[in-house]
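You will see subunit A twice below: alongside subunit B first, and alongside subunit C after that.
The block that comes next holds the complex of A and B.
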């Protein structure tokens, strides 16, 4: 649950930004774009999660190395053979390709980390509520019930312990005890569900088209931000169609240079990725400045 | 023809082939994007069918309860690595039929990821969990298999170890292999097998011990409050 300058924008803007950022990250394997993506995503992730963010980034590094090293085992194309593994060539090109794939994975995980902080469930359901009314109502109910069920499971566990049915230390005991808890929880939840369902019907569920409460409206700033995002994304797509993001690793290494008009596309990509971080920092700066004036 | 049937036909005859053709034309390595788009497109007909059915309030709440139970099961049984989610989804499928089984599976996966973390695997999980619930529904709700604890346990083990688990491993294959080959994919299936078997054992254990009592509870609610009697009539009584 983070609230910053970017996540306070309309959910549609947030969602489309992540769709673009993750989409580009998956589809473009050009090393320059990957590095820009990794830096952009990591910057925003760190701004959102602070010191805790380093832990996740630290966890991604061994993942990156492992995926990079593993890929050449299954892809033996390439000219420059480094050494042989089980009689199969382990090539430099395949290693670099593995690095690119692992890079895509890392960038994606970082963006998803930001997505989880920004796109909370209420934003998600408000965005899709009108498109899929029954299903999003189902999702809202589930999301509301889960914390309640978890609390109830805790109460049942305590009650069982009080009458001498508590779980021991062994996993076997815990599993058997847990099944008892789950069973009791089911009973309680099912009875409750009937009451909820009847109450919903009594208050008119299903008697007409369901409208949903909208707390978010697209303001002028949101439209402007959306326009900027669309423009930058269009620029990236345009130069990409011209071949700016082409990167072949195997059998022969061939990577498009980042120069001339291609550099413009790359600049657009960087600008796109930095938007949330810039908004975040701008607000922080403003806050600091106005506070120091007091 | 119902609207949702037409949508299903469009998805299968036009949208998915178009995605596959487009995906094969994209430069570089578009396996993950293409396959995930196809997975999302496969989910659409199920969701549209549910929307088109205009579910009654009681049915909606009952499904929500099953989803929430599936997710909360992880907390009720506090043993690391012991997941009851597949078993609860399958019980929902057995009790309410394949369509509800699929829905409970897909929504449980999505909802659980709101509490843990959404990721590139979310659509795949929705598909795999849903397919597990649907399979249970097909085999047990239509009485192809008897609802005996041993049969359900065995089914749960086989379904998770050889169907749901490998489906999730397929996501990793598309996600991290630079060149899709049978050998590379096999490496993932083999290395994922230990985890899958672990979860399969958990699923089998829950179904074996809890399957029958939970189904009885669901049946009891059905008769006690006449839920199915209401659902069978169309619209409001």
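The block that comes next holds the complex of A and C.
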């Protein structure tokens, strides 16, 4: 991912969007909403990750089919029996219900894929730094230490191998080698943490109230985008409360129609889902246009 | 008015070891003071006393005043803001995972408001040229960048005094001189008082206002650099060997007038000393012995880490004769360490042959028993035990061999200490002892002089000479041009994944004009192949004897 118009917005906007998108995906099992969710998430995922995204989506398809097909094996409710498996009925309703559950799973996976690309760790910590300062500093420090540990462990392994203390063939040797690396790593880490502690205290850590530096600021555009998102989400919630998203699969199939005022709710949902993709494409087009002018 | 006043400071550790005795020191606003001495002389202990949160536990008497106020009466917050402290290890000092966050860390701790923080962070990023890597992960920075970040994040708090404890010891020479230049800029442009300990004294000495020398916990000299040099020479102190090359040449050759401190001054002084081209301009080259058997040969070795990554080794070819000290110099990230890994067999080249004593590396069984061993760049990666002895016992049960090796590496008195309690030079020697217990015939050293002061370097060179006398072949990669010029038998230039030239130190450094020793840069307009201070002195004397 190089640049993405939606990722460049304030982390709070990013976070709230994903909260809404994933929340709706989990709570609403209406097929139309699921299909819209899958399309919206897949579109943004592909825009974010490019060609590599197809691979992941390709992996989700068999998962979807499997989950769908498995549900009727456990759930035998339903009127229309398609055939019998081990003497148990395999019903159409249960199959559709399986499809809905699998759909929820797929949409969630796709949204989480987008979430990982957009909400980097620093965005998350800067967002929650003010709420829980101590915890967020801890998180930041852990994030910094993990790659350090991995690098040092590699260094120790190489150093030991170059004096003939590498992991041998036998399991016993391997365990001994592992213990050696771990012991060296612990000493090293302890010494490092003493220095880190000194460095923190030398810079006034623990000398009184702490503030947290905000590298992101809410701009006017961010507020506007947030307002639009809130409005659309409210619309979806409102029609949902009226029953627009009701969907029962078993024992009797009953799905709310998408028409009249319900259609408006569905349109709001689609608009909500498409916002990141639209922002991304809009920027892309803008660049193309300005480039062609040159 | 004095900014910092240390009055009769005496300190001893809880173990009873006395670290400082009766130290008196006055530092004025805006001064650049270098504190130096052998390791263990109490430099670090003294520096840590200038900041109460870092002061070690122990028995103490005497007083430290900052602007006339005892340090202990200042609140932690005031001290954090007024006194900045940069430590040795660039990596461990960093707290957060992002560059921007690290810059703001001190300000966050002091409870600054957003607006001030924003301005200060931006200001510091610009001043230190950090804008380009402002959003990066700290893990992806080079050592030099990390240390610069540490300095910047302290300067963001706008301290009045900056204290640095061997800040460049873990950096390569180019990054180190960059760092020291930035420090000088801070001192001259902002007037921040700088107190620094440093073993790379050559780079600081000419610019420092004062050199404070410590020995055994006492301040034994406190004077301008030139005066310190003269004092050391006339008192015949062993510390004189730490002086910059021009100083050593000047006094060693019996120069008169004002002592030169920089290469430029040294050149001018030599020009005045030899207005006419001198009679002897070159030292005799050591006669090349008949070519010895090859201990290590590399033929057209190619290597890259991943299929799609660029080649790191691009056809390395070299032959290392048996029983010599073979040094490979070159810039950072040129692939020198990778080459050593290839020799060890930890990196498999995809083309080319590496032979150790005539046998291909990959086909030598028990390569690391009695044949080949490598001392890693960071000695800490070898320590696993609670004591040095325990660590050595991991390698061998043979107590006699152990005792002999410990004696050779001069670590016998340290055997009961924890490896992490040793100084950098001692750790280096303990690690070397561990490596030597495999009884290698070919020893590989990766940056062995990193983080070691000049006194330890001499000890280390002595150990290497003894190993050579036992017939061990030593290959070392290093940035340390001065060390290689003085002690190596052969020097190779590593650049762009290849070994470009190989020659004896005199011919090698004599032919270079930038990548060479201070002595050579200072004397190359008069002499042809003088590469160490001793060489220049010898030539000066020889010429003087011949002119009545």
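We take it that the second predicted complex is superposed on the first by the 278 of 294 C-alpha atoms of A that agree within 3 Å, B and C clash if a C-alpha of one lies under 4 Å from a C-alpha of the other, contacts with A are read in each partner's own complex, and residues count from 1 in each chain.
Here is the rule we go by: contacts are C-beta pairs under 8 Å (C-beta built on N, C-alpha and C of every residue); 3 or more make two chains touch, one makes a residue touch a chain.
These numbers were taken from a predicted model, which means no experiment stands behind them.
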First (subunit B), second (subunit C), both or neither touched by A:112: first
Touched partner set for A:134, first subunit B, second subunit C, both or neither: first
Of subunit B and subunit C, the chain that contacts the larger number of subunit A residues: B
Which of subunit B and subunit C A:220 touches, first, second, both or neither: neither
Subunit B versus subunit C as contact partner of A:171, first or second or both or neither: first
Which superposed partner A:51 touches (first subunit B, second subunit C, both, neither): neither
Which superposed partner A:291 touches (first subunit B, second subunit C, both, neither): neither
Subunit B versus subunit C as contact partner of A:98, first or second or both or neither: first
Partner chain(s) touched by A:27 [first = subunit B, second = subunit C, both, neither]: first
Subunit B versus subunit C as contact partner of A:211, first or second or both or neither: second
Set intersection of subunit A contacts, subunit C complex versus subunit B complex: 121, 137, 141, 143, 148, 183, 187, 191-193, 196, 198, 200-201, 205-207
Subunit A residues within the subunit C interface of the complex: 121-122, 137, 140-141, 143-144, 147-148, 151-152, 155-156, 158-165, 180, 183-184, 187-188, 191-193, 195-196, 198-215
Residues on subunit B engaged by subunit A in the complex (per definition of touch): 26-30, 32-33, 47, 50-51, 54-65, 67-69, 71-73, 75-79, 82, 84, 88, 103, 107-108, 110-111, 114-115, 117-120, 175-179, 181, 183-184, 187, 205-206, 209-210, 213-214, 217-218, 221, 225, 227, 236
Sites on subunit A touched by subunit B in the complex: 22-23, 26-29, 67, 71, 73-75, 77, 94, 97-98, 100-102, 105, 108-109, 112-113, 115-116, 119, 121, 124, 132-135, 137-139, 141-143, 145-146, 148-150, 153, 171, 174-176, 178-179, 181-183, 185-187, 189-194, 196-198, 200-201, 205-207, 246-247, 249-250
Subunit A partner contacts - residues on subunit C that touch it in the complex: 51, 53-54, 75-77, 80-81, 84-85, 87, 89, 91-98, 100-101, 104-114, 117-118, 121, 138-139, 150, 153-154, 157, 341, 344, 346, 366-369, 373-374, 376, 378, 380-384, 394-395, 419-420, 434-435, 438, 444
